[in-house]
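I'd like to ask you about the structure that follows.
Think of it as A, B and C in the order they're written, each chain with its own count starting at 1.
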Amino acid sequence: MKFDNLIQALIPKDKKFFTMFEKATSNLVTISKVLVELANASSPERRMELAKEIDDLEHLGDQFSHSIFSELAATFITPFDREDIHSLTSAIDDIVDHIHGASKRIILYKFERISPAMQKLSELILHGSEELHKAVCELRNMKNVSAMREACVRINSIENHADDIFDMAVAQLFEEEKSAVEIIKTKEVLQTLETATDKCEDAANVIESIMIKYA
Amino acid sequence: MKFDNLIQALIPKDKKFFTMFEKATSNLVTISKVLVELANASSPERRMELAKEIDDLEHLGDQFSHSIFSELAATFITPFDREDIHSLTSAIDDIVDHIHGASKRIILYKFERISPAMQKLSELILHGSEELHKAVCELRNMKNVSAMREACVRINSIENHADDIFDMAVAQLFEEEKSAVEIIKTKEVLQTLETATDKCEDAANVIESIMIKYA
Amino acid sequence: MKFDNLIQALIPKDKKFFTMFEKATSNLVTISKVLVELANASSPERRMELAKEIDDLEHLGDQFSHSIFSELAATFITPFDREDIHSLTSAIDDIVDHIHGASKRIILYKFERISPAMQKLSELILHGSEELHKAVCELRNMKNVSAMREACVRINSIENHADDIFDMAVAQLFEEEKSAVEIIKTKEVLQTLETATDKCEDAANVIESIMIKYA
């Protein structure tokens, strides 16, 4: 038995993390798609149904996070730093939480219509989630480093774009919306959506840090 | 002299950290109790007195944090990762800071009455602090891992509960409160209280990460 | 060749990081000075010009951050923990981002005048940036530890001061400003400025943690 093979035999649990992360970001893509649908739904009833779907997907996401943390507790040798596994899991969980938070507030605050900025931010979250899922799927073999780096670059530019959308939308609110209460409500939802793209950037930063160490 | 004893002799400072953390979370429980009292005090004068107590306890908390950081600087071998000591200290400090921030704002913004949601959030902060203190007291011998885990689970569920209270209270404000200024003021205090429970969850996450490594 | 010299020969890239950090905090001092000028400019036209300068300096700051991250990826032996290099870079980047965010909002929200609290917070950001630059310049030889420690202490006290300015300014807004929309706009800018001093404290904490390990 060669030394390399011995090492392989010793770390059979290793690969589990990749599968778990892929499931977590696949769930993130799904929940982001439902968010885009919710942001474009015309009736409050349909929005309510989609928010219920987001509730369920958020619970599922929680389970994925807990599985990764439990696996981390039970695994001695991990495919990359324990800390990076922890941070990446938390970052994915944070994105899902902010999507859930935005959806919850859209329902709770009883908006009559979803603003174009909310729709645009939801689409940016979906694009960011898709890029993150791509990068995560490359973690397994670390061969296509340029694809991973490009995904991270795109996530950064999505975050910048979301920042601009948010700032412009808030400035426009201040100019056009007469009701201060409407401004507060709308700003709160826009902020939650914008923060989801920040968390997506946090996840990309963890992936970049893993690439620095292992690629 | 056996090797284990030699090791023991080399790390006499070790145990200090446990005592210091216990003091820090004990102070956190005390400040949380004063917050609950403040949230339930009927007169502005009494609230002012209690806010003054919170000021003093926050200063005390700062001193505990600085002692831990200084001890960390002077200690070569620590009972668990330096980084976890740093993160746990910061998280406890953050909870105290948010309790202090909420108390300061309640006085500064001159509320006539404290809303039920603020009272409820204060109680949740107290429960979270008590659970955190329990978990911290178990760090010393790491024997009752299930008690630590349960405390962390309860802190997580307290944070979820606080999140719901916050969201419902804000939605209710939007529906019932006519004054936008009142909405902004109340939302600011509710947010500060809710963030205290987030920080409590951050502390629980550090404890979970210590358990993963050492339990 | 003595062992120490061998080590020196092996780590020629080492010193690059110090130069890069010094450039980053020097840029931070520059952008902070422009912010103070913007906060004290009397005409909206002049503010617009200065905000444009801040845009450019923020792009420059981004380039510094990316250079450090790339150097980190290409360097095997670093002068201090990779993680600390990462955290310090991110913290400096965050301060710059918040200065940029405040400047952007001052323009976007079309303030007629900049409030004294905004001016004061801008000055505190400048003082914090100068202290941070001093501490970073000492990283290179780690000889003047007390100067580093004092800079960190001053940054902490600047953050506390900023906190108080923010709280008092917001309380005053609630009492004196009749327009809820003005309150929201002003509070948003004050918050962004105050958070810049928090990020400055985060940077000081990384420096303290580097001192703990290497001084």
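By definition in this document, a residue touches a chain if its C-beta (ideal position, glycine included) is under 8 Å from a C-beta of that chain, and two chains touch if they have at least 3 such contacts.
A quick note: this is a predicted structure, and the numbers were derived from the prediction, not measured.
Asks: Connecting every touching chain pair, does the picture come out as line, ring, star, complete or other?
Replies: Contact map by chain: complete.
Asks: Which is it for copies chain A and chain B: same residues on both faces, with over half shared, or different residues?
Replies: The interface of chain A with chain B is built from mostly unshared positions.
Asks: Can you check how far apart chain A and chain B are, centre to centre, with Cα atoms defining each centre and the answer in Å?
Replies: Centre-to-centre distance between chain A and chain B: 27 Å.
Asks: Could you tell me which residues belong to chain A and also touch two or more other chains?
Replies: Within chain A, the residues that touch at least two other chains are 180, 184.
Asks: Please give the residue numbers of chain C that touch chain B in the complex, ascending.
Replies: 167-168, 170-171, 174-175, 180, 183-184, 187, 205, 208-209, 211-213
Asks: Name, in rising order, each residue of chain C that touches chain A in their complex.
Replies: By the definition above, chain C touches chain A via 69, 72-73, 82, 86, 90, 101, 104-105, 108-110, 179-181, 184-185, 188.
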